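Below are two complexes that have chain A in common, paired first with chain B and then with chain C.
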Partner chain A sequence: MRHFALPLLAASSLVLVGLAQAARRPQYGGTLHTAIQTAPVSLDPAVLVQLDSVTSRNLSSLLFDTLVTMDDLGRIRPALALTWQGEPGSQRWQFRLRRGVAFDDGSLLTPSAVAASLRAANPTWTIYALDDSITIELNSANPSLAAELTLPKNSIVKRLPGKISGTGPFRVSDWQPGKKLVVAANEDYWRGRPFVNSAEIALGTSARDQLMLLELGKADLIEIAPEQARRTAMEGRRVSESAPLGLVALVFTHQQPSSEDQKLLDALALSIDRASIKTVLLQGEGDPAGGILPNWMTGYEFLFPTEFNMQAAQQRRAEVPYAPAWTLSYDPSDSLGRLIAERVALNVKDAGMTLRPISTGSGDLRLVRTALASPNPEVALAAVTASLGLPQPALTANNPEELYQSENALLQSHRIIPLFHLPVNYGLSTAVRNWGERRTGAWDLSDIWLATEKP
Partner chain B sequence: MSFRRKLLLVFALTVFLSVAAVGWIVSALSRRAFERASRERTMALIKQFQREFNRRGEDVVHRVDAIAASEPAAHMAVAVTRGAPDYGAYLSEAKSIADSQRLDFLEFIDGQGTIIASAHWPAKFGYKESLLNLSQPISKEAYLKREDVADGAVLGLFATRAIAIGDKSLYVIGGHRLDKDFLASLELPSGMRALLYQNFGTAFSPQLLIDPSGAVQQPDRLAPLIQKAQQQTEEPTEIIHWSSDPADDESMHAIPLRGRDGQLLGVLLVGNSQRSYVELGHRITLVALLVGGTGILLAVLLSGWTAGRVMRPVEQLALAARQVADGNWNTQVDIRSTDELGELAESFNRMTRELLEQRERLVQTERVAAWRELARRLAHELKNPLFPLQLTVENLLRARQQSPQAFEEMFQESTATLLAEIANLKTIIGRFSEFSKMPQPQLQEVNPNEIMQGVSRLFEAQLRSQRDGITCNLDLDDRVPMIAADPDLLHRAISNLVLNAMDAMPQAGTLTLRTRQDGERVRLEVSDTGSGLTPEESERLFTPYYTSKEHGTGLGLAIVQSVVSDHGGKISLESAPGRGSTFRIELPLNMDRLSAEQNHASAAKPGSFI
Partner chain C sequence: MRNAVIILRVPQMFNLLRRSSRLVRSLPVFLFLLGSAWAADWGAPEQQLAQKIVAITGPTAVSLDVANRSSLSQTDVEAIRTALRTQLNAAGLTFVNPDQAAATVQVSLSENLQNYVWVARIQQGNNQPAITMISMARMEPGTPIREPAVLLIRKIQLWSQDDRILDVAVIDSSPPHVIVLDPNKIAMYALQDGRWQLEQSFQIPHSRPWPRDLRGRLVLRRDRLVDAYLPGVFCSTAAQAPLSLSCRESDDPWPLSSEQVSLNAFFSPTRNFFTGALAPGIGQERTVPPFYSAAPIPREKYVLWVLAGIDGQVREVDGVNVQTLSRPGWGSDMAGVKTTCGSGSQVLVSSNSDGAAPDTVRAYEFPDRDPVPVSQPVELGGSTTSLWTESSGNTAAVVSRNWETGKYEAFRLTIACGQ
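This part shows the complex of A and B:
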């Protein structure tokens, strides 16, 4: 008996190790089921860019590539461009393209195709197509051009009448606008074929229904609202969380706030109890925001105040003889936005002002929820100010001090009152493997694989 | 106004007043009945509202009891007693509990009045529930309360329960909204409706008025009634005029709704449409008008028939009387009834017969008197010339017998006398003949002033030849119109009057010829300043052959009267002893008579139709 025990034990261990290794080894195959709340009717990145930046990036990344990408540390990585170089003054850039990359219709990626795609997205650029590179000439210096080229709107798209083609890891196999998107793995993808055979994305699915799908095992990847993240995790589900990339803010819609408006906005900002909102409405998720860009992106965001001081708010309010009743508009489909708006209105009322939440029409203030477009702070600030209708910052160099000044100027203009920075959360089924938590909150479905047995 | 019309008016007025009185009485009775029915319906609706209100209240109480007894509430109560409850954990729980119990409002409140969770205003966590008075005992019944929500305030029916855990409590306040769905749940009879005014301020605000079907039209019209309900303790009622059409009026009854502390939280308005009453009134009026119209028509027919039966004999009598007045005394009425009208007709006929007989007798008498007078005058007139004739003839006989020579002388003288007296007799007979053969006037357009002037010229020389002379004055009005008259006859009549006037002024005097217009007549006057006539003489003056003169046939004035009568005029005398006399002739214009005679004459002429 002693003779057989040890070998038996060794054999058993080997089998177990083998099985464990097999479980960790990537597997090809399977269909990834996922769902999103938005319901796009076009897959063209020029149209997708109108959606929130995370969804835009997620869907674009399935079918299209950019010249360069950005990693979690904010470093520019090659993609369709192998190398790039900016001339002094950052007004002229040259990108050398990767060879051998094909669109999903089989045609090769050429400099002229790249130039055409970028011209469509950036009409003010002058782009030349050369042998294996393109040259981009700008009207003004833009040291962050490479970071800007990582945005989904600058995806390389081949547009033909009635058809668009990309070089991404997946190809469209079934497209029902607003309802369903099914993509199949691109066997000739230049980075290597994705592990999953296909991905099926249910569009326009509410958060509640997505949770139901995950519960029932009909979805592998879902979106989770920040206020649901904690409870979902407590219920034993896998929840992925990005860095705080979403911004919740109040935007004052009047173009030129008067001095009295500014005082009232100061009072308003001081009266908002962010801590209570975070604890109750956000279920502890997110961070109170004093700045537009989160601290992990800039490192100086903590300098902007987020204090709740009702006494100071009331004093500031008393400096204005007459405070008009303002309205606060919010997205009627955003239940969290409605709660935040109502809570802000209650806080503001304690300060002696009247703020009435409305779900239709344009109010004096607007509660916005937007995701920052890029981990690059300059790009993110420019994108968010453009999307919110705020004055564009004049940034000429990768300079944290200049960036701070620009952001501070925006905040001092009293056009925007940041409230929270929220993460992007996903719920994952147990079958999903190799899901990396990205700061940007974006998918990378080309790298994940589905396990066929339970861990 | 004729008797027939008076009769018609009386009948019509009688019918109209009767119908109007009946219509008014019916309207008044209908209005009272309608008002009574309206009151009863309003009271019934109020009772129904009370029942529904109580039922809803009981329902709320049961549901809040169920929540208070539920496990989630118990867990929450335990968490509260441990202090610092996790508001986030209960954020959506209140909403799901409220939904499961079908409550519009639900709040969980700790012992200090802090809201743990609110279903209808989730963002209000951590705030104090200001309207909850924890010092007062919790009412077991449901109560009316104003509840603040995110977009304003609403009225609701609430119940409160306490969950005691140790020495701490968790309060559960749940309720139903009093909104248009609640009003719509009331089963209202046709023509009635209910509105609810949420009394959240002192000034009237249309936005606080709730109607089951949507926005209230013209809410400002209800403001006075609501203000009355706010100020008074009674339940006021008013008629609301929604438009100029009375059928759109509505009787509104306001019922104050009070909260636990007696404060006025709402006003229930019960409306009762007046349309059916107004339409009933219209129908009554229409029927009254139809009946009245029919009655008046019947009155017309009846009065016509009655008047016919009653008035015809009277009219016949009136017509006969007019005919008699016009001179047709031979008028008889044919009325054969045995009543008073028949007697009257018989009396009338008898009267006219007697009048005829009397007239005939009078005519006979006058004829006899006239014959007698004529005979007397003839005897008188003829006697004068006949006596000289007789004397002359006797003298001739005597002279022939006595002296043939004297006979020759006397024969010439006597024959002259005989011829003169025969001529005188011829003149007298000629005058009588002339009078008997007075022609009918040949009418033509005549200027009365010209007649007077003509007569004045005719007698001018003669007037001057009178001893001391008679002055002739012409007082002629230039405005006197033309008349239709026979100029010759008229001239003769005026001449006769002038002759009489001259005879009345043997010494001297003033003769005045005057013309005037008197309406549709023309007046011609001949005045003298003679000795005048006594009343008796004046009365007999126009009798033929009467004369006050020693000589004369007395026919002159008779001729004047005949001429005047033939012209349709009349003659009168104004005289007094010592004051002269004025003969006044009034003649009609007679132009229509002239036209008729001219048309008759032209029609009678051969070829007059060309």
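This part shows the complex of A and C:
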């Protein structure tokens, strides 16, 4: 456990909440300009979920709502559903819907529309539409269902041939797939019209171009890579940082590691000098990770070791007579991933093993970078294991001990070696007010307002 | 809009305004005590963790180490350590040095977003360590109250809740009552047996979605209990018992201050500001630039109004001239109060920290046309969302969103004369 995690989180949340509500009252109007690296070709949440969870949430939240939302303390809050209740056993849940909410095609939100949307996203659920509510029946207990419903994939979407409609705070006014998205404020949004009149999002914009746009005053909000965050802030730019919720990890791609594989993977884990990687490659950002979930989510991550112990690594390596040369694949478009992969390969070499980084094909190990989908630890663990192709944890209760046992079992399976938890960073122009970033790193453009006068 | 009429269970409520009591003078004390009564009680979790540890070790000699990895204070940690030893000892464990122990027990007092998580790592011989843990909801920290010098602004917490508080009103009655206006309802609470009990709640119907940065105002009336002003909606209690609440769509102007200084202004039904149209007006001025808040400064023959414009300018309007002040770094909220201190009239002004620091409220006087600070700023622990003069005209109610807890907290601000 790193003691700095909680103070950091506290400081982070202090700044975030503080920025969310300045003393000056919000002003309506203006266009918010932003840019992102990814270039989605569809706005359907079912397609957006293929992107990382932060981008998926950012884009889907512009146009769509979920039944419930999660606040910054991980508590479930009403959204399209006003109330909800799980029956004993957590296999059957009822959600009573808000009245008077309309899709952007003018039609009213109805229980049958909600049921149809959720069925499409969750084919195994049985969903009944009632007068003013829906009932969800599950095959097995899921005490975290309400938290799961906050995920972008569970956005309520009305799908018509060639068109999708949402109930969200903005409406599409210009959509050029993969290039540009312009959205306009929904004047009748049930939560209140967004402060800004519109938002323009340049898609597929490189990190370098984003920074240039911010410097030229042509963007109000850009993405900042974690390793660039400190330098950017030191150069006097306004940088926002979420809680560390991005996971960098090594995934062993063979389904069943042999006992010899397990010893080698132990040696590999012990040989990685996370502290050095953090200092040099991450420029001090992020937390070395022993667990899949960070300590601020679980409270127990400190139980999983992260220490660098070359002597122990060499001893463990020596227990295996012959160590095959493994390959480590990484995403060629991820420059930080490449650097980490190369540094890990160097560390491993000192332990008497060979690990060759490759940018194409599937390696014996895979370096993955993913954002945890939810501050709810049960939902986050289920989502990350699903996305990485790891065994799904069977959680029957919201209970830290059961969660620990599930996560510990995953780590003991030797399929995954967590390396770091990284924050999500954004660069902001001085005009941006009410910046409401949550611990999830997702933005809420509907709450942002733009200061029209110079500070 | 459909009127909402809800019958209040307490028909005597009309008398509340007219009745005063010594109890009301003790209201701040009640509130303070109520706040400070949230003391830590670790008995149950200590016992629970002790039982789990003993279930693994059995009665034996152990070494015990307790480490704090949470936001718990050192005082709490010491108390927990002592009590845990006592509980373990009662369950049959004895404590020895690590080299003599059959098991080493390392307890970590950790936490996550919502809970304290206490983890025990138990090492017995060369076995894999056993892990057991418990969790319990985290406490909410209290808000320290600071008192400035010169004129003193005293801050008394009136209410706290998760939902946005638009305004609060305190009824000086026996027992004391607090009325809380939030986006969905007007709720009335009575102080009974040292606890606030919900006495009645009135839903506020509205046909249009509320604007963001929703604002609202409660005004206690002499001939009825309370009026509530929200964007495009006006609610009022009935004039006769049984008490009920009626709401209707309305563009009626909102009162800008207390009844003693009568000026009303029209509030935009879809935004967060006053449009600038006044009723009846300030002297010859019937309209002024749109503004967020206003405060009166009574003069001998006229009232000078100070307005916080939505363009960031602060304007003084006396009925003849409109003068723009140099930007003093104020926020958007201000409220005038009448006191027995200084000139007898002060303006409480929120700060414009833009989130760099917790907001503050500071008192100003206007000897001539330039504001002069007459108190130290009082810190609110978060961001100001509302500041209104209370119906008496002598105090103000400020609402702040606590940065640490995310809760909305309403305070009464009173000005006390400095020593």
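Basically, the second predicted complex is superposed on the first by the 431 of 455 C-alpha atoms of A that agree within 3 Å, B and C clash if a C-alpha of one lies under 4 Å from a C-alpha of the other, contacts with A are read in each partner's own complex, and residues count from 1 in each chain.
Here is the rule we go by: a contact is a pair of C-beta atoms (placed from the backbone, for glycine too) under 8 Å apart; a residue touches a chain by one contact, two chains touch by 3 or more.
Computed from a predicted model, the values in this text were never measured in an experiment.
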| item | value |
| --- | --- |
| Which of chain B and chain C A:233 touches, first, second, both or neither | neither |
| Partner chain in contact with A:276 - chain B first, chain C second, else both or neither | first |
| Touched partner set for A:390, first chain B, second chain C, both or neither | neither |
| Which superposed partner A:404 touches (first chain B, second chain C, both, neither) | second |
| Comparing the two partners chain B and chain C, which touches a greater set of residues in chain A | C |
| Partner chain in contact with A:172 - chain B first, chain C second, else both or neither | neither |
| Which of chain B and chain C A:72 touches, first, second, both or neither | second |
| Chain B versus chain C as contact partner of A:27, first or second or both or neither | second |
| Interface residues, chain A side, partner chain B - complex | 276, 279-281, 283-284, 339-340, 342-343, 345-346, 356-357 |
| Chain B residues within the chain A interface of the complex | 87-88, 91, 121-127, 150-151 |
| Contact set on chain A toward chain C in their complex | 1, 3, 6, 10, 13-15, 17-28, 71-75, 188-195, 295-300, 302-303, 375, 377, 399-401, 404, 408, 433, 439, 446-447, 453, 455 |
| Interface residues, chain C side, partner chain A - complex | 69-71, 108, 110-117, 119, 121, 131-135, 208-214, 270-273, 292, 310-312, 331-333, 350-359, 382-385, 401, 403-404, 406 |
